[in-house]
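Labels run A, B, C, D and E following the written order; every chain starts at residue 1.
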Amino acid sequence: MNSISIKELDLKYQDAHVLKQLNLNIKKGEFLVLLGSSGCGKSTLLNCIAGLLDISAGQIWINDRNVTWEEPKDRGIGMVFQSYALYPQMTVEKNLSFGLKVKGMAKGEIRERVDRASKILQIEPLLHRKPSELSGGQRQRVAIGRALVRDVEVFLFDEPLSNLDAKLRADLRVEIKRLHQKLKNTMVYVTHDQVEALTLADRIAIMKNGEIQQLSTPADIYHKPCNLFVAQFIGSPSMNLLEGRIVGENFVYQDYRVNLMGYEFINQGDHDENAFLGIRPEHLALEPRDGYVKLISAKIDILEPMGDETIVWFDFMGRKWSVKVHGDHQLKWDEDADIYLDPKKAHLFAKQGEVRL
Amino acid sequence: MEETMANTAKVSTPRRTKRIQISSLLASAPMAIVAIGVFVVCVGYSVMLSFTKSRLFPNFNWVGLDQYERLWGTSRWVVSVENLFLYGILFIAFCLVSGFFMAVFLDQKVRFESGFRTLFLYPYAMSLVVTGLVWQWMMEPSLGVQNVIQRMGWESFEFAPLVDPQYALYGVLIAAVWQSSGLVMALMLAGLRGIDGEIWKAARVDGIPAWRTYLFIVLPMMRPVMITSVVLLAVGVVRVYDLIVAQTGGGPGMSTEMPAKFVIDHITARGNVGLGMAAATMMLLPVLLVIGPWIYREYVRPAKH
Amino acid sequence: ANIEVIHWWTSGGEQKAVTVLAEEFNKLGNDKWMDTAVALGENARALTMQRILGGDAPGAAQFNTSRQFEELIEEGLLLDLTPVAEKEGWTNFIRPSSILNPCMKDGGIYCVPVNIHSNQWLWTNKKVFADVGVKEPHTWEEFLTVAPKIRDAGYIPLAFGGQGWQERHVFDVVMIGVTDEKFWNSVWKDKDPKAASSDKMRKVFETFGALRQFTDEGAPGRNWNDATNMVITGKAAAQVMGDWARGEFAAAGKVAEVDYGCIPGPAKRPSLTLGGDAFIFPKSSNKNLEAAQLKLASMMLNPTIQAKFNNTKGSLPVRADVDLKVADACMKKGLALLDDPKATITPANNYITEDTNGQVQDLVSTFWNEPSMSVDNALSIFKGIIEDAE
Amino acid sequence: MEQIQLTGPHGPKPKKTTVSRLGVYAFLFSAAVFFCIPLYVMLITSLKGMSEIRLGELFSLPGDPSFAAWVKAWGEACSGVECNGIQTGFWNSVKITIPSVAISIILGSINGYALSFWRFKGSNLLFGILLFGAFVPFQVVIFPLIIFLREVGLYGSLTGIILIHTIFGMPIMTLLFRNYFSSLPDELFKAARVDGANFWQIFFQIMMPLSIPVTVVAVILQTTGIWNDYLLGLIFAGRENLPMTVQLNNIVATTFGVREYNVNMAATILTALVPLAIYLLSGKYFVRGIAAGAVKG
Amino acid sequence: MNSISIKELDLKYQDAHVLKQLNLNIKKGEFLVLLGSSGCGKSTLLNCIAGLLDISAGQIWINDRNVTWEEPKDRGIGMVFQSYALYPQMTVEKNLSFGLKVKGMAKGEIRERVDRASKILQIEPLLHRKPSELSGGQRQRVAIGRALVRDVEVFLFDEPLSNLDAKLRADLRVEIKRLHQKLKNTMVYVTHDQVEALTLADRIAIMKNGEIQQLSTPADIYHKPCNLFVAQFIGSPSMNLLEGRIVGENFVYQDYRVNLMGYEFINQGDHDENAFLGIRPEHLALEPRDGYVKLISAKIDILEPMGDETIVWFDFMGRKWSVKVHGDHQLKWDEDADIYLDPKKAHLFAKQGEVRL
């Protein structure tokens, strides 16, 4: 059963066609993350679902009801914004109860809901403060609370964590995840932070220029990106790329050839075409391992120690290559190192059309 | 593409492309009525009168462009228009410059800032009628500043612009700037306070002297404030009347006559509404030509980002 | 019904005078005078017009005896006072007739003149003249010969207020002084372009222009009373002003023909243009109001009220059979001239519209303030104005 | 904790009164003097007697200060038949100013709000026309307005003059509020809509409480303008409601009468007191409010 | 030789004592990162070094010159700000050259410097654009360029990357590192992002409430935090903590005891005191390994897959515990799992004073 269903959605501004014939079905209780770079139309899509933007064509169904023409309040959604959008002049309690009061709900019921939400979010001691007296994280929680009290089926989040600092972001991420496991609502979550997307999502929709590139589980997206854009977009540092040609079982570039034994092609059979070979930094190694093949040896350009692991950067055929190694590795800048790769973990993309092979 | 189009046909397109709440239309009704009823219909009516031979009262005896012919043959009108341009440009320029300087100096973490601010601002609360009168006195040669300073021993000191047709307009200018520059100061001060503190730090690290920072970095950043100030001042310029009547009555001679005064004199005391309205229409023209494009560019065309 | 009266009598003496009218009217019982005072004639008149246009006309409104309200009569907006006037015989006792003329249109009478002011006076400070050792001038030629001496003695020969209406006022005085009634009428009444560009007119402009050099640098923008004060205090020798200036001298405790002199219209044959104030009564559908309006109109011409009012205001009554207690030497001079029909001249604004009047004022003012403007130029503009005048 | 002995420059940089600092104060003080002189002249003149004024010593202190002129200006000066000073018009001015300011601000803020958050087709054009209206000298439309008010039966009434002030205040008020509301985050509005608040609920419960700073500016601009208005009040208010400025003008302006300058000045200052008081009371909110409303494009 | 030397620096605002008797020596060519949470005084310290704030007491030496009373421009520093602080109406070129022009430098020299800086930062094609026509990353580079052209010994950065999105931040981080390796200037870099600190720094100074808690290399900070605050502050997710008692060779909590063999105490000898045991998520394992001891078994609370690795959250004695495992690990929510720890990688902090034992 679909909780949200978007059919042939089109959205144009005067001069820009932002969403193009977009179809998307979101299952009940699913946590769907919309991921994409800035300006790709994520917020626009979310606003369309919420009914805050007038769409140009298409339909939006929520809980099997066509809500295309409904007011936001009648769609059974709650929304959390990037800037929190708390009502600055109201206390936290008022912020939470405003929507309910507007609806004309009984006092007792309002009280109950506010209490429940504030217990879930642990903001009870803050109920009588104003937003300006809260820290970023607390504000964010109140913003979530405002959606919570409305007791809706669908939660929409528009980059709810991007105004927070790294540490807080990590903490609240876990809290949102926990909230989802507790409430089991449908959640649609917009972000441009891939860590958030990967950790939170049941499924991720990767967007580019108003079109969905891949809609799949985080593992799929990470391990089987459907095209070069997705492959490059996900993963930090980005996937390393090599341009060459597939000849039978081998990937050939310049004088080198890499045996592709073990790679699962989508289309079986013989391949002979120009292609990109992609490999994630963590699937490269600086020492020989089982099933790994040696790629090349190169000079270490930069070392980025990150505590438990270190990223080693090389200059390789005009591109920056990165390799993730364990933090205990003793390496020195300007030294030469051998790079090994695991062909089973590699990715191949056709040069033409840039789709996965 | 063709196929997808066929598929989409099943998915209905919203009929109503906009969901406007009735109340929002209702709330905009007064604005619509005023904008159209007053500023379109009434102005249109007045423009129509300019093609008639209306005297004391509006009537509709059409005379074509006669009134305009007479208008541009009237030296008082021509002088008024010249005066308005000179006055308007100088007034706006002086207000901006002095307002900016006052704001900059007040921005130096001075003591009694709020005291100074109030002092600079209070003339704005005085009606122009009064402003004109007081300044008339002060510029009167045998009573005012000139007299006082001459008696203090500086015999050759001269400051009586109002009695000389060549300088009278500048006398009016002083009073007008006195009255309005405080407002500009407040606007500019607000603008200064809104500028990112890191810009200042960057300029200090770069070793840019404060005055250059103000002039070359901060000032260009205050474009929005400037625009607001110019709009407010320009509204005052086009309408300038009270001050002239109180301070010089348009004299000596025609030297401080202004178009608004021309219009009012003709639709009241002189009982020639047709000519007055022709003059008024001529005043609207530059507004339409100069301000119109600006309004269009700044407010009508752009959608909210 | 109560009757609202719009007028511009807001300064000291004027207020007292208008209060006389109000109190006397209220004494008549039933109806009350509702006062709406608005400073400056042009403002008050404009208000009356706008109120009439807005359908909220006052019961009565002050105008100058001139063509200012002609259009109101033509539009049929004013109450026709003819029945009362005929009953009371206004045409018989109101003198001079020029003061009533503007009220009449096609045989009907539409306004009530209440007072007369004469314009052509040269007020002098006797002490200054004695000091310089010259005689007070009685013509403009004489003035122009004595003025340099006065100036050389350190006095300002002519106290002048450089406001448009004052400049125009002096111009008219000069015009009558150097020409005559016939010429005056051919310009203003007959609007004869030839007269307007004749040598006589040239003489007027030349004489008027010659006065510039005898004023002081502070003249522009000066109020008339400040100029009068210069004569009173002996800074200046003389001032051209209407008879209302008398009040200033009186207030300063000066005695007519002792401390100060008054010379009627410096001219070979002195004559006065007479202006005055008149009330109009907008038509209304309210019969009670109409009755009150007629009552007020009639009352304004009542001889005792005329006496009381004009005594207070310092102006001349519009009828002869009035006892003027306050008349001093100067006022008596005026009254004497008033009784001589040949010495009274109809003012220009009885003949020309306010619009034309304004154009003339603009021209005079420009001419006065721009010495570089040639007389030829001024004459040709003047001719154009008179040609276009209606 | 042991204190290390530091040699050489340490601690805060010694403050020197520099030339530029002196220059700043010199500028400010001379500007202050320039701004004060007219007020000074008005004040001392109002305390002098007429005979002293005739001496023409504009700047000299009054020899025998007296408040007679003030008393007269407030309660005794005549304007025509009535001699009650400017106080007669005071309450009329209050009656006109308060509702006019309130209504024009309310309408302006509603307009600004609608223009920022509820655009409809043509709303920008309407606003453009309105803004253009700010530059129309009101004399231009005086005749049609008189006729219009006559037709709706409001000419010469309190309602009429309030309406007129509202009309002429609307352009700038709308501009002010529109700019302010445009600077508020869009998300706030969206959040309220998701919460189910309607047009008015969002306006009154969310936007209004947030617009205090601009409202201060609006109140100041409008009060100054309306309180000092003479012409509109005279023409539209009707006999019963003539504002204080009409009396002030009757006292100050005269063609043929004698001028009492001390009373003029006292009356003038008295009339200006209300806007001045508002300036002083609003103090820093004014600048703050301007920053919030007028400055943003 | 010290490039910057701060002696007994005190800074007070009217009501707050922000920096307290702070001493800090920064070596020539060193990349020092000031790390701390919001409001701890990092920016304040940086502004003091730059001369943008008047200090209350103490001295500041730059390049062995006492600059305590000098103007910022005379201190030989360049500074890069969080909001970039570019002069908005000037082109990039003008932005770079304005300071030099004001100084009265010869045209040719200015040109040369601008050219060099723009080459280093690869902003040559942008020289004639205005800041508003640049992307965030480009603006940041121009801001760095403005410091670069001044040819100074010391670079000060105040959170130069925190306005950028995650991907760009990672890219620019590498660039700044490369820049440092190329230029070898002294750099002082303020951030509250520990990844930036760890990857960039030669040494990190961790600040709290205006005091430096630990000043050391990233590895030291990460592996040998000197107190509980530092230990908790660094690492994501935070170090897991257990409260208990050290008794001889064992750490005892409730009924459990962990053998501490292999832990390097700072003070040798017998220990018997209340203490915290800390262990980083990556030093825990969910399967037995060499040298690891079993801690407990617990139920999996949340799973956070991050592509190459997954964070597993447990509820353990009222605290959230996290374990980092490889991304290929197959785990399920709500399952029980055994947790093993490596005592050599553990950290012990006295309960009293919270310092490392």
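By our rule, contacts are C-beta pairs under 8 Å (C-beta built on N, C-alpha and C of every residue); 3 or more make two chains touch, one makes a residue touch a chain.
According to UniProt, the chain labels map to these proteins: A, E = Carbohydrate ABC transporter ATP-binding protein (CUT1 family); B = Carbohydrate ABC transporter membrane protein 1 (CUT1 family); D = Carbohydrate ABC transporter membrane protein 2 (CUT1 family).
Just so it is clear, the structure is predicted and the values come from calculations on it, not from any experiment.
Participant: Just to be sure I understand: going only through chains that touch, what's the smallest number of steps from chain C to chain E?
Facilitator: Graph distance in the chain contact network comes out at 2.
Participant: Count the C-beta pairs in contact for C-D and for A-D, then report the pair with the higher count.
Facilitator: Between the two chain pairs, C-D has more contacting C-beta pairs.
Participant: Farthest chain from chain E, going by mean C-alpha coordinates, please.
Facilitator: Farthest by centroid: C.
Participant: Using the average of all C-alpha atoms in each chain as its centre, how far is it in Å between chain B and chain E?
Facilitator: Computed from C-alpha means, the inter-chain centre distance equals 54 Å.
Participant: Centroid from C-alpha atoms only, then distance chain B to chain D, rounded to Å. What do you get?
Facilitator: 16
Participant: Distance from the CA centroid of chain A to that of chain C, rounded to the nearest Å?
Facilitator: 90
Participant: So, what's the distance in Å between the C-alpha centres of chain C and chain B?
Facilitator: Taking the average C-alpha coordinate of chain B and of chain C, the gap between them is 39 Å.
Participant: Using the touch rule from the top of the page, what residues of chain A touch 2 or more other chains?
Facilitator: Chain A, residues with two or more chain partners: 71.
Participant: So which stretches of chain B touch two or more other chains?
Facilitator: In chain B, residues 18, 142, 267 touch at least two other chains, as defined above.
Participant: Among the residues of chain C, which are close enough to touch at least two other chains?
Facilitator: 41, 43, 53
Participant: Considering the complex alone, what residue numbers of chain E touch chain D?
Facilitator: 7-8, 21, 54-59, 66, 68-69
Participant: Enumerate the contact residues on chain B facing chain D in the complex.
Facilitator: It comes out as residues 18, 20-21, 23-25, 27-28, 30-32, 34-43, 45-46, 49, 58, 101-102, 105-106, 108, 110, 114, 116-131, 133-135, 137-138, 142-145, 147-148, 178, 182, 186-187, 189-191, 193-194, 223-225, 227-228, 231-232, 234-235, 238-239, 241-242, 260, 263-264, 267, 273, 276-277, 280, 283-284, 287-288, 291-292, 295-296, 298-301, 304.
Participant: Per the contact definition, I'd like the list of chain B residues that touch chain C in the complex.
Facilitator: Spelled out, the residues of chain B in touch with chain C are 55-57, 74-76, 136, 140-142, 160, 162-165, 168, 247-255, 265-272, 275.
Participant: If we count contacts the way the header does, which residues on chain A are in touch with chain E in the complex?
Facilitator: 37-38, 162, 165-167, 170, 173-174, 177-178, 181, 192-195, 198-199, 218-219, 222, 234-237, 280, 282, 301-302, 304-308, 311, 313, 320, 324, 327, 333
Participant: Taking the touch rule as given, give the residues of chain A at its contact with chain D in the complex, in rising order.
Facilitator: Checking each residue of chain A against chain D gives 47, 50, 52, 71-73, 77-79, 81-89, 98-99, 102-103, 146, 150, 158.
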